[in-house]
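Take a look at the structure below.
Note that the chains are named A, B, C and D in the order they appear, and that numbering of residues resets to 1 at the start of each chain.
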Amino acid sequence: MVGGGPGAFIGPVHRIAAELDGKIEMVAGAFSQSAERSRAAGVAYKIDPARAYAGYEEMLAAERSRPDAIDFVVIATPNHLHLPVAKAALLAGFPVVSDKPATATYSEVLELATVVRNSGLPYALTHTYAGYSLVREARAICASGELGKIRKIAVEYLQGWLSQPLEATGQKQAAWRADPALNGPGGCIGDIGTHAFHLVEYVTGLEVTDVNATLRSMVPGRRVDDDCTALLQLNNGAQGVLMASQIAAGEENGLRLRVYGEKASLDWKQEDPNRLRIKRVDGPEEIRHAAGGYLSADARAVTRLPGGHPEGYLEAFAVLYREFADGLIAWGSGEAYGLPKTLPGIVAGVRGMRFIERAIESSKSASWVEF
Amino acid sequence: MVGGGPGAFIGPVHRIAAELDGKIEMVAGAFSQSAERSRAAGVAYKIDPARAYAGYEEMLAAERSRPDAIDFVVIATPNHLHLPVAKAALLAGFPVVSDKPATATYSEVLELATVVRNSGLPYALTHTYAGYSLVREARAICASGELGKIRKIAVEYLQGWLSQPLEATGQKQAAWRADPALNGPGGCIGDIGTHAFHLVEYVTGLEVTDVNATLRSMVPGRRVDDDCTALLQLNNGAQGVLMASQIAAGEENGLRLRVYGEKASLDWKQEDPNRLRIKRVDGPEEIRHAAGGYLSADARAVTRLPGGHPEGYLEAFAVLYREFADGLIAWGSGEAYGLPKTLPGIVAGVRGMRFIERAIESSKSASWVEF
Amino acid sequence: MVGGGPGAFIGPVHRIAAELDGKIEMVAGAFSQSAERSRAAGVAYKIDPARAYAGYEEMLAAERSRPDAIDFVVIATPNHLHLPVAKAALLAGFPVVSDKPATATYSEVLELATVVRNSGLPYALTHTYAGYSLVREARAICASGELGKIRKIAVEYLQGWLSQPLEATGQKQAAWRADPALNGPGGCIGDIGTHAFHLVEYVTGLEVTDVNATLRSMVPGRRVDDDCTALLQLNNGAQGVLMASQIAAGEENGLRLRVYGEKASLDWKQEDPNRLRIKRVDGPEEIRHAAGGYLSADARAVTRLPGGHPEGYLEAFAVLYREFADGLIAWGSGEAYGLPKTLPGIVAGVRGMRFIERAIESSKSASWVEF
Amino acid sequence: MVGGGPGAFIGPVHRIAAELDGKIEMVAGAFSQSAERSRAAGVAYKIDPARAYAGYEEMLAAERSRPDAIDFVVIATPNHLHLPVAKAALLAGFPVVSDKPATATYSEVLELATVVRNSGLPYALTHTYAGYSLVREARAICASGELGKIRKIAVEYLQGWLSQPLEATGQKQAAWRADPALNGPGGCIGDIGTHAFHLVEYVTGLEVTDVNATLRSMVPGRRVDDDCTALLQLNNGAQGVLMASQIAAGEENGLRLRVYGEKASLDWKQEDPNRLRIKRVDGPEEIRHAAGGYLSADARAVTRLPGGHPEGYLEAFAVLYREFADGLIAWGSGEAYGLPKTLPGIVAGVRGMRFIERAIESSKSASWVEF
């Protein structure tokens, strides 16, 4: 793992998620750019002290020459390091699992996509929410045509943790996100807007063709956007409304997707992830519960517990790692390259960065722009 | 009452709501343009057969000369008749309670506003949702500053009943709403978008200054919009997102308002009207229940039952009638004219029609327009 | 109406409910045992001053000799007057609508049942919750066999308003309920336990055959029970658990019924009355919404508004009055006597009083007793 | 680990939970009484093949003599093996983590308690629900006196998976639970009733002094109870109602605890574990969310993620393992023996078995029995 020392939010999450299903073990890392702090992280993570490196270049070089080298690299750094680390890892022959967004800017992701393609190596992007069982169910429902032709999409991702200028207090999570040099130009739109955008395309199977966005920075002094609305035109004629905010006071992690078709609609909320609601024009509302025997094969494949035993964020995250591990094993044993289609990869990465770039452009021009 | 024969949806609702608190009794009506049908409606409503008139002109003329004349006129017709009936009633000296929107077009409402002003007579508009106890509480909360400065508003009004071309089947409610001549130019934006718009200004006390709307007609052959999104700029710097749709398959009457301030937010849903949620940046979520002893005086004033005894749409509607009756009594007894500020009147009517007109204009030009 | 002056909770509720559907008008009353207060109530209710009587005997005598006499009597007094008023009304030839419980004691209700039978007059008991549309749906579901054989019933009615010794403060509602002479021997078990008991038999169509109850008085100094649990044996072999409490701090009017059959279960909550949940052993959860086109005829018959327009307690109450009015009209026009089976009558009254008597007996003996 | 091969439900759960926080690694096991199947399980779990033993005696003997011996034993077998395995492990000097109930019968648990006491070794019982953050919060609330004196407790644990005679189909989970020889005499009361019972004493800090239970077997041919109700008398004068059922068709894992005090009440549902509701006699309802900065130290100590990132059953389970690991480390380093009081141990085990025994006795005699 590169980045993600124990002080960080996302590092321990990656560790738990990766190891949850017993298929992956974290054995090495460059957890910090300070050698000392990286070593301390290694101790906390109980890895061999010799494999707690001071930097990713050192890690890649050292691991390449070990007989028991790592099988892949996890990137859990701030955004501006995603490209250099991913590039170096791929060039060194290591598959990559990267936190999102794929890079800091759109031009960077185009470069990365070329490297991935040329390397022939597996690359996955941890759009966590794609790992929830009932997101898979929602995807299966859209594909099945059960909703009829999709007409309208409402996605929202509302948080309130940046309602105050938290970055000014030195809070680590807030500080790098508020600095365009470390984070890239998109604030809220990049941090959580991309999750919402990805969820739309992932679940519906549709593609966004045009965007009309308004990005604002509501907290005085903040250098990136913290509140975003984007109208989306989709390639089947449907329209969508995307709201993302980090100044929605009192909200925690309010990701919600509603998809309206001609005949029915679905509704999924991340904060209540084990229930999926289906409403029909003529008929009672239906709630599908995680682990139900009546769910699609895709949904059942990523449930670990019987109904009524709630699974949450860590389990969803772990689904992505399990799929990556399974893909890696197949790939390692000579099978043609192919991560499961349910696992977000570089294509999702490119589209996500494009979304940020187009949303900023649209907001500047106060008009619709082609995607 | 003009319009609202027993076959209609809104007529019986007006009758029940008006009479609920025992202050008003329906005694006359021009329920239909067919004399026969109007008489039949009179029988169903149990009014004196002599007072079931064939048209509103006849009703106004006859009632003017009765010693026990009606005290005011209720307008429950399709939109295109709102202006002529309201005008005639006011000119005949009768106060008016009108269903919304105030008129069919913006130019009409300007004319009506002049008539109202010149007449000096009470005029009220039944924006039903303003009658809910917890909408009053939400309004009191915004006024109190408890949320801090308001930054973001999300209002949605989602219905699914026009997912299919219902107007083509002759269904009465759908038919006139889909005909611009009877309904006015705004379909969904006029029918329910105005409710959502009114709720925003009513609860927050803010005013919309700019609009960027996208109106669409998703059902083939439909002549008015059935799905709308509007970005709102408010006069304190806040922004808003308004979604209104009648093709949101599976939704019933999904009006919901969320208001985000610097410190806290509130969330009210019409389909769960007896609970109001408050979320704070630092603190637990709070649910205020209708009839709670801790509610504001404005909220408690419009509750009839103890906590846990649900009140709904009819009771909210009846609150508006009760306020009108009280205002009328005060006015009749020589007090200076003044309906309570909590009761929507002609100003709300003008702003609602302006909203429709500006939203259509913005959608045509695909850009922001001043309000 | 006898009792129910404007100061009371239930009087205005009866007035609104009776008049809601435009079939009944309140024209006379003996609202208080004080002539003055009864007159004042008559003014508030806008009835003819001559018909605001000082006592029920006076009212019955006077009305009998009027050509425009009342059509029936509503009893909204404390419990100890239910029998004398009902008896006098029936003997005077007036049908009766009585608040529940039917009388103060079991022996009284047996006497009343004889009077009702001998009179041949309509008698109805306002078990309000029987008027909710989705309670009718639940009843239809049980009758249809959709749940399979019923095995288990869980009913609860939890309130918290008597958590403190409110009766000691002189609060009127609490005072008479806490006085066995006015209320009868059953406190919580009589006031709300009977509602829960009635709902069980009303919805399932089963009959209780044995009871094992524990009644307690948790607030020091209180003379009647305020917290009750009763195990129920039903005539098909099912068992039930009934909880009723008035010291469940923080609860408002928490009546909830769950019925478990071999194949599926249903769940209805009075505080969310427009949704009914069905859960199946193999299949998604289902929520039926009031006014759904897919509901049973019985449920649709008692809905006044389209889906998504919440109806509440007053509307449910009004359903009982509408059914009574319809029954009365049929009966008055020479039809054989027959109130609809959906309207609780004297049989429900007898069973309710029997339930109180048996529960008290069981609690005293700390054992099961036959019903 | 003893028992819990990959085919089992609870084995993989123990593995994931134990390893989640990176403090424990599963290195050995006697997963099945068949040597072959145990070996296969070892492969699936990726442990050293030499440490996948054919039986627990073999495992204990072999591990004792290894320098890298296991640190403790996990028991994940059917109930009848709990005593012999725990006894053997403790006598061999290994601390024990046991699935609940502690043993198959009450006399067994008394024997086990002596062994634990004599061994001086740590022993923990996985009452999973004690690991939820908001259960810890509920416990802190009760201890703080915020609710006032506790008067009433309602706990329910409703499942529907045994609505049909699943044991007759050979389904493994159902089969051993329905066999008194493997499971012990208490069916539903032992399997889930004990969880509910434990939660009551764990959260409130009160002790049950008397029980009045009714246990039934509703599915023809079933040899153990599948539906239970128990009235509880607590040592502060409060009473409780406990419902446990495995034939509540449509329910999944419906564990819910409500505690009513003089001033307020709390309400927690396992299927919505990240929210805890507090209702007060005078005041709005409050929802505390997992990870809220305002929660008690005990609750915050067992949360891994920021608010809005749902944690579920596996994470709760892992909390128990983390506390055990921390206790073990302290103990191993010479500290006086002492697992945290928040971790259920042998005392909870004894009380749980006593509850089963007393409930059965009460049900047989149809009367209250002392605990």
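The rule we apply is simple: contacts are C-beta pairs under 8 Å (C-beta built on N, C-alpha and C of every residue); 3 or more make two chains touch, one makes a residue touch a chain.
Everything numeric here is computed off the predicted structure, so don't read it as measured data.
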Report summary line: Taking each chain's centre as the mean of its CA atoms, the one lying farthest from the centre of chain C is chain A
**Report entry** Centroid distance [mean C-alpha coordinates] between chain C and chain B, Å
**Finding:** 35
**Report entry** Approximate Å spacing (C-alpha centroids) for the pair chain A, chain C
**Finding:** 55
Query raised in the report: Whole-Å distance, chain A centre to chain B centre, using C-alpha means?
Result: 43
Report summary line: Residues of chain B that touch at least two other chains are 251, 278, 285, 289
Report task. Determine the shape of the graph in which chains are vertices and touching pairs are edges (line, ring, star, complete, other). Result -> complete
Report summary line: The residues of chain B that touch chain C in their complex are 9, 12-13, 15-16, 19-22, 45-46, 159, 161, 251-254, 270-274, 289, 304-315
Query - Touching residues on chain D, where the partner in the complex is chain C - result: 147-148, 151-152, 154, 156, 160, 163-164, 212, 214, 216, 218, 227, 229, 231, 239, 241, 243, 245, 247-251, 258, 260-265, 278-281, 285, 366-368
Query raised in the report: Where on chain C is chain A touching in the complex?
Result: 278, 282-289, 292-294
